[in-house]
């Protein structure tokens, strides 16, 4: 029995009817079995591809991508996932389009979705905006479908919003699962999700939020560490606490990177922006107050620069379990002495983890493809078995 | 018998041999039966897709798109149409290319067409230029094909030129046909194609021209209304007159928006540029006279601002047949109080027609796909029947 | 027996095992039989397509294109080649991506290659840089494949580097082979690869280098002509000499365009940059010395302007064999009186050769497709025969 068939048999047992024709906003919207289904399908699709078997589900159809922020790896991951399933990517580039000329999101949503099976949106720039944009978009196509304008209802894959980054965090977690030899080995493992200094101070909060919101569901001891002023959204901390309580793990906070790193099995040190200041920036931006934005930026840079000691150095790594914690990063990292003078991580640490870091990233196309698969295929277990059985080659000859 | 088979049987009776391997510039180049064929194939392709049946005609091949003006909806419509038939879109982005560096249109046309089955061009900016560009392009690939350079002769779909906007106007008309329950119900219906005020005064004339050139072929009473100075091309008015005479309808002009709206069954109020001034602008542009262009722009803005009362208000709508005329717009509209202070249409009117407006737009991908289908498939009726008979699924599982 | 089967039978006899899973950097890396295999497969793919037979080898998969310099024709040739074989192109546009923000080539290479079967790179701007970038990229994916990050090892097609332009020069050569009725007729033919004046003085050296490195392998008399200061890389001249010695042809140099043109069977007059100055420019660029760059540019323009008499005029053409040498150009050409005041070629000469010039260009998509085919298909002769035998249509109906 192939790995795919094994995985499909496992999938059969999960309660996942809710996923069909549904969207993927945040991991905490989903049940444990639904998340398990994503991991299972991702592994199966990877197994099929590694055995040169076709994973095409669509003979034609579009995946629309909307990147309201720059992106290389997520863009290619989405394109790869669509291609894997037979969808062609059409990118809605707002610079090329007429959106800026008074078009509403609702109108655009319908206009680009006539043949769309899936929409991937990245919008992480402003607190309170990213998720709202995605929700408005999806509500519009839902309405368009009900009104008979769209003949299929495209489903959303959140490619990063201001709240969560589910494709990233689930790729991270699938990497962790395989690294530790299975989800059953994660209980009691200590995870340090910590802030780290970077010269570019404005990175989104969706990664730390996504990590504490997801990793706490696996019975792990998740520690969130950051300097004062770099708090994440309180709602997500609440979710993390509830998750931990439900799974026998824990969620705690500290303002000491050392404390977080001590005996950690997994470390995820990365920079993110100060939340309150980002909210202020959003307001200044909405008010068109450029002078205010400029002044705030100066203050933020000064505040940021006070915490250059928050770095994943060799000494810090020595504090972790046997000095060998699994180092995670969503990439690209700010590497001290390489991509910047002082940054998130020592060059020697980063180098030592290159292979696992790239592996971590390699799960993202499959996670995205699995999300699409589960929202578009009515009986995903049967579909995987059929793909395996008929054995059509991806590359002939 | 499926709807597709019914439509295919109807298609069999039409005389459309001229469409195979031919281009689509303007609706008035085509016979009534040829236009009917486009509507018929569009409906059939939509029926197949709604029943999840594959409409792939090509196993590989390219659709080249050239947008010399910004576009969201036409871009996505063309991409959807190509994808529906199995063609991959390659966009010739002049900013990325070397075209500006002394390359001639003729050379470019051949260089991008080695594997091209269809070329979609939008070039509507300058009076007298758009169609010329398309014609030069097509002549070049025709020659390239004859000389054995190209192994297939790509056919053109005019995605908007300075003269006509056939994919838009035929989508509009297919919407009208379905709205009124069939082409046989259109006779005697009053259509008001009227100018409307918008703060951006330079919109192309191809929509009003396309509408009067097409809608007059269905025995309707078409009224063209605009303030003095906003005349459309006289050749197209001539075509409208002849069409009307041939089908028992009428074509008339007025400088009163009220008169046009009175008892109208269909209203299409939208802004367009003053023709004579646009010609002047083209000349100034050719002469590189920036000061002249700037001065002209000031005059045009002043002229434009005198006609702010040309708006599709609630009061205006009350003048129409039972106050319930079908409101058409090619989108995006300039909505008073929403996308601009004063614009083409009242927000409350626009809102009431959202669903029909989006439906109107939803026909465009199928119209484009039908144009491609009819120019590339030798026996389109037989092909539709075969697609229906073999029942290959678009989305498996 | 079809032409494709004939070609496949010929292919069977060639020793080309080294091509499978291998990259294509430079023609001089390849054996004569390997180059012959590329020509053979290119002709076979063209024959299949002309007979409307499917040439799809992939049911899904990506071709990644990286253009670090502008390009229309190479971009479309690569897209056409990928589409022909069933791969979807994803363009890594560095302006859209985060590469500039401290990402290393190595990281990017892995991040975009998770589903990539082939990578096409054009990087010809700086002497000593283009090839290095390609090599670094390929080394990275090789390592990524070995480390289990990538499940397939994408192969490289060099779409132009600072050293060679193999897809161009092999397309040129396939055109020459067909023009003269077979490779056996090339022995003793005189080829003039000569510099020509163009107002834009910074064109890459990869075309003249590629031509002398390739054309000398066919027993022809290759003459390289240029004014002083426009030397090509000495290593490539060495290769040309060795090639000539091995095949009974010759390689010589002259500083007289007339001498080169005299009795030539083939002329390839085009502009390229002065090598030594380009190296200097690279150093100034690396040092960030903008003033130095500006001054150098002035000197180069002055130097360049001294050689306006290096032009492919009607008088020059009269010097060639019967006044009818085959005129080659990689396009776009700088045409005197058309695209510039004084340029590489007279308008009347260029016009007379339009059809052969476009034909020359038409081989490029097939050359690229053949390179991909030979690197991805284990038994290419058998695969061609199977494609011919099963007779699946590219365009159904």
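Letters are used for the chains, namely A, B and C, taken in the order the chains are written, and counting of residues starts over at 1 for each.
In this text, a contact is a pair of C-beta atoms (placed from the backbone, for glycine too) under 8 Å apart; a residue touches a chain by one contact, two chains touch by 3 or more.
Keep in mind that this is a model prediction, so the values were computed, not measured.
Q: Quote the value, from 0 to 180 degrees and to the nearest 5, of the angle by which the CA atoms of chain A must be rotated to coincide with those of chain C.
A: 120
Q: Looking at chain A with chain B, do both copies bring the same residues to the contact (over half shared) or different ones?
A: Comparing the two copies, chain A and chain B contact each other through largely different residue numbers, since under half are shared.
Q: Cα centroid separation between chain A and chain B, in whole Å?
A: Here chain A and chain B have centroids separated by 41 Å.
Q: Could you list the positions in chain C whose residues touch two or more of the other chains?
A: 56, 88
Q: Per the contact definition, I'd like the list of chain B residues that touch chain C in the complex.
A: Touch list, chain B to chain C: 56-62, 88, 90, 92, 96-99, 101-104, 107-108, 110-112, 114-115, 117, 144, 147-151, 376-380, 382-383, 386.
Q: In the complex, go through chain B and note every residue touching chain A.
A: 46, 49-50, 54-56, 67, 70-73, 75-77, 79-80, 83-84, 86, 88-89, 200, 331-332, 334-335, 338-340, 355, 358-359, 361-362, 364-365, 392-397
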